[in-house]
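Common to both upcoming complexes is subunit A, partnered first by subunit B, then by subunit C.
Now for the complex of A and B:
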């Protein structure tokens, strides 16, 4: 089988790259081992939340200019960054994913523990606020289904109150979930979201929210993210039935909004003619004269998958894009060069709350995101997303941004080649 | 580093790789519709840890609800063989004796060979309401279902009478594992296969001895009988392969069972045949791609075809072969349906106790098919065909039948003789 580009990894970075290439008429295949990190999605794409001194970032582009050269963003000049960020927003719109926000200035998302985190783009319906000061002007009703397991309600209530928000907390007794309650482990976000695909269930749920809203003097109803499993825009449907404005907050994973983003991006990619090899693992590549000619997968056993360009979007440690054992850190498919320190003791800090050095480990790339092997650049192998070295996505709050920006940027690099 | 350290995972079915992320449960079609099935994570890796300690933790009733669709394995980011853990536990710990109903459903082969002899009577009875009521009451077959009807002439009989004499003129040959469905219920698919193979210059022969692949026996708790039958099949296939004839099938489930479940669940060694045992669409695609075969299609063939990803086809990772072939037909308006289980799962949906669950699982798929409104639904699984035809207005065909119908036989023969 022959493709223009083969992308290894079907998460956010791989799909951004795949969609951008397929849009330009390229024949693209994505091979995805299992489901991606979007299943842990917060509902917001973060470009850069904190700078290297761990100070909150207001204007991401200005702060990016101050990042060390090792950071993936620094491979792109300001103009390209703006172009790429804009292209990503358009890509989301094309896939039917509606977001609010701008690369010009961060806004805040509300976390499941009731704190504010600076971010770039937030999905429509998820709780967000332009400035921290605005928060205390709100009177909020935090409503959640009785016995719901995926939201730390007490933390959220306490933290919101501490920030001066008037919070009222109510358990929803709604009968639509009664069948789920038959099993004690079933009151999970994804399970409830599946119940709310049904129109009657949705109406009954809306009715209970209306009753609560009517009896209480609040300006916003806050719900855990248990709406949005289906293909139609269920949040809009719910809002149209409820008089008070509703906002949702992310839950413990798997993330309902993340699964929806994953599904919509995949649908978009396939609609553009892309081939998505689901549940298959690329196991090795054939390298000749510093170029990868073809790869093989676990399930297409006697197939040679050829392409002009290869993009490695296989994620970091959790997705096994890179693997650490007692001796080394390595990339399992091509054995690409990894930026890491050889002394194992220096991989981590004994203080778990400190920035962990291993978070910055990843594939070493040149200025065009091309990967190295044995110190030599592979001419047609690019790395995108969290497999890249040079950023601690937990400290900087830049994980989804690096995925989106590098995935989209590499597609453009390939197209201009 | 010392040899005493375990450097990689060594647990059966990658049990120890489970991170408890619950992504598998989010994609489980059964857990989505019933609170009584605890989901693949709990039934699989979580439960296995307890079962290893003490067999008393084996929960027959819960584990029996698993469809064995393997969607959990496709979704798992860590490569845990969740479905295999569940099925292996059923084989190892179950004390349940198969009922008359289970025996009837499991023995597709024996029951089929009796039923085809008296097909008109059996078919009429299977459709009669009183007969359905009796079967429902006596043996627990769901009365709202119509069992697949039996053909009055077995495929094997047809083949010997009408096709066998012409096969000797081909120098290139393949063996055909037709399976119970083609032999007893739907010989037309086998006839289409012979038509197609002959048109591309391949003669077809049947295996010396063919038994049911055993998938229904495993599902109905008769794995030792499945193992005996599997050994007969592997012996016949080994003979065929040693004569240079690969073995082709037209059923994704038979293929999956014989390639993957034989060694894994039944401990049957299939090393000698695995590489030569393939789905017909994969075999034909590879011939076309390598330029060894050319297909010519009728100019007047125009159809909107929606492809349904059967669970085991997705687990095999071979969807690309069938869809690529269908896309080669110029008159086909191709639609890829979102991948969802239809709820049939072999004999699962025919059982009275599974009725509600099976219908609920399939309903989003049926709704989607009605929305897409295709002329035909294409799928590689015969049991999906029953379920979708019973539940939607769309007729369902195997890709091989569609190719045979769309093919310009004479023009194709001329190019491949």
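Now for the complex of A and C:
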């Protein structure tokens, strides 16, 4: 099979790149192993939440200009960054993903523990607020299905109260989940969301929320993100049936909104004519004269996948885009050059909450995101997303932003070639 | 300052102190156990968890070997819910001297340890994970023991019999009047409050820290802190314990337990000042991996969960100030006789395996000093959880949960609530820990924090190392104790503690797991250092 571009990795960065290319009429394939960081999604895309001094960022573009040159964003000038960010917002809209927010100024998302984190774009229906002070005026009802443990409700209640919010907590005893409750490990967000695809279940759920909201003087109902698994806009349906405004908060994994975002992007990609190889892993590539000619996958054993361009979007350590073993850190498909320090002791900080040096390890790229191998640039191999070196996405709160921006930007680079 | 009167104060909540507190309480003495951290925080919780048959010492130390086999048989009776009886193999590899095997078997038999020479093929059939290159194998009654469960059971029994236990209480001085120890000055490490507590006799059972306690009375105990490092693997590759049949050396024991296995140990002298924060070095990891793969080649490709290190309290004999003749045997020091300081004894040396005997020796001495005539009954009285056989389910929808809980709590398992969906809901999927079990631990086992919960239930000890369960468990403890603020700080401490063990083996899947954990707690949930200060 021959493609214009083959993308390795079906997470946010790979999908952004794939959709952008397919939109321009290119023949694109994405090979995806399955899970990605979207399964841990918070419901918000972060451009840059903190600067390198760990100070909260108000205006991402200004703070990006202050990042060290090794950071992936710094390969793009301000104008390109704005163009790319705008293109990404349009890309989301095209996939039917509605968000609020702007790259001009961060707003806050509400975390599962009731803390506020600066962010860029937040999915419609998820709890967000423009400034921390605004929280104080709120009276919320925090409602969650009985026995659901993947929202630390007590932590959320305590932390919201500390920020001046009036919080009332209620368990939902709705029978719609009784079947799930029977099994000790089934009360997970995605399983509950699957129940609420059913219209009758949704009506009964809405009824219970109305009953709770009726007698209580609250302005908002907060719910764990257990709505939105199906293809229709279930959140809108629920809101139309409940009198009080509802906002959702991300749960511990698996993330319903993240998996839904991934599904919608994949759908959009396929609608544009893209080929999505799901559950397959690229295992090796053929390199000749500093160009990759083709790759082979675990499952398509007698098929050679050829392309003009290759994009590596296979993630960091957790996704095995890069792998550390006893001796070294390596990229398993092409053995691309990795930026890392060879002394293993220098990979870590003893304080788990401090910046961990290993987080910055990743594939070394030139100014156009082209990867190196043995010190030489591969002419048609690009790296995007969290496989890139020079970023600690935990410290800077920029992981999804780097995924979105670099994925989209590399598509443009390829198109201009 | 409050004054309380006890017959005995026991310093140190490791297995030795727990055993002494139990024995003293059983003999009718009003007892107080003091521990500066959580229970089993020192060497007790940082070893192989091996139920020695004594075979390992048979050639070099016949006395220890005999003690071990006796205690081994006792623990199988009184603490069967803490013990796994899977037997062990002593293997000879081509580079090992087979003549040693003969000597080994003779020594074992002399010490009363059953030792059967197996044909290597038979050994491979019994234990498929063993190095296929073996040229000889001997089967002995080694097993494994959960040191946390054992310590907690001893403490629980002491409490049942009237003992008081103060965790997070550190002895910072001794009350000494006219050459006699009258009690201790203890600081509550959580609140900073200091109080004096008096007792007729004080038992120093503080492990390696025992020499520091003795120093408070101006007494010198010549101790040699010997660090031992170990690695925990994410799978149980072997079902029988595997030892090398040669003179004891580094990393030559592989112990299976629950769903994991442990390789160890190294042995290095360390300065006493360093014993509060032992970290495993890359060199030690290297030795453990290289030697471990010789016992079971599968270890080379098995995920390492974490690394940890403990410090053995080795004592040099009093007549040898150079410390050359170090004993691993039990040392009971009567400071009145030895140093002219009445009112205090020290029990040290020994090993996890012989804790009960150590406690008996120490309690005999206490009784002698106090003029109490009561005999030791710890060898025949089962520990809580082992009074009868644990219930086993053969079928039913929650059979697995039922049996896992029986494994951890023995015959106390029926006290765990599992009638409602809510009580059966899983907090920790790796180790199958339900809400009901967490409630039981908090309400009946004195659990206040995640580390104590881990000791009781194995929460956070599985493949996710707390990445998925720590938040649920912390929140649940906070709710049950009514202290959410404390629970959030506790979560922070727990994540630090898990990372400490992952860092020395931070590559492969362990590093992926650490990154995932950071994404969840710090990324998704937004937890930062400042949230806890």
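The criterion applied here is as follows: the second predicted complex is superposed on the first by the 417 of 417 C-alpha atoms of A that agree within 3 Å, B and C clash if a C-alpha of one lies under 4 Å from a C-alpha of the other, contacts with A are read in each partner's own complex, and residues count from 1 in each chain.
One rule holds for everything that comes next: a residue touches a chain if its C-beta (ideal position, glycine included) is under 8 Å from a C-beta of that chain, and two chains touch if they have at least 3 such contacts.
Please read these numbers as outputs of a predicted model, since none were measured by experiment.
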| item | value |
| --- | --- |
| Touched partner set for A:270, first subunit B, second subunit C, both or neither | first |
| Subunit B versus subunit C as contact partner of A:374, first or second or both or neither | neither |
| Which of subunit B and subunit C A:117 touches, first, second, both or neither | second |
| Subunit B versus subunit C as contact partner of A:253, first or second or both or neither | both |
| Partner chain(s) touched by A:320 [first = subunit B, second = subunit C, both, neither] | both |
| Partner chain(s) touched by A:39 [first = subunit B, second = subunit C, both, neither] | first |
| First (subunit B), second (subunit C), both or neither touched by A:191 | first |
| Touched partner set for A:353, first subunit B, second subunit C, both or neither | second |
| Partner chain in contact with A:182 - subunit B first, subunit C second, else both or neither | both |
| Those residues of subunit A which subunit B touches in one complex and subunit C touches in the other | 181-182, 185, 253, 318, 320, 325-326 |
| Contact set on subunit A toward subunit C in their complex | 37, 40-42, 111-113, 115-117, 146-147, 149-150, 152-155, 157-158, 178, 181-182, 184-185, 187, 250, 252-253, 316-318, 320, 323-326, 344-345, 347-348, 350-354, 356, 358-359, 393-394, 397, 399 |
| Contact footprint of subunit B on subunit A as seen in their complex | 1, 33-36, 39, 179-183, 185-186, 188, 190-191, 194, 197, 230-231, 253-254, 259, 263, 267, 270, 275, 277-281, 297-303, 318-320, 325-327 |
| Interfacial residue positions of subunit C with respect to subunit A in the complex | 279, 282, 289, 398, 401, 421-422, 424-427, 429, 434-435, 468, 471-472, 474-476, 478-479, 484-485, 487-488, 492, 495-496, 498-500, 503, 506-508, 511-516, 518-520, 522-529, 531 |
| Subunit B - residues contacting subunit A, complex | 1, 5, 7-8, 19, 21-23, 25-27, 31-32, 35-36, 38-39, 42, 73-79, 275, 286, 289, 314-320, 336, 338-339, 364 |
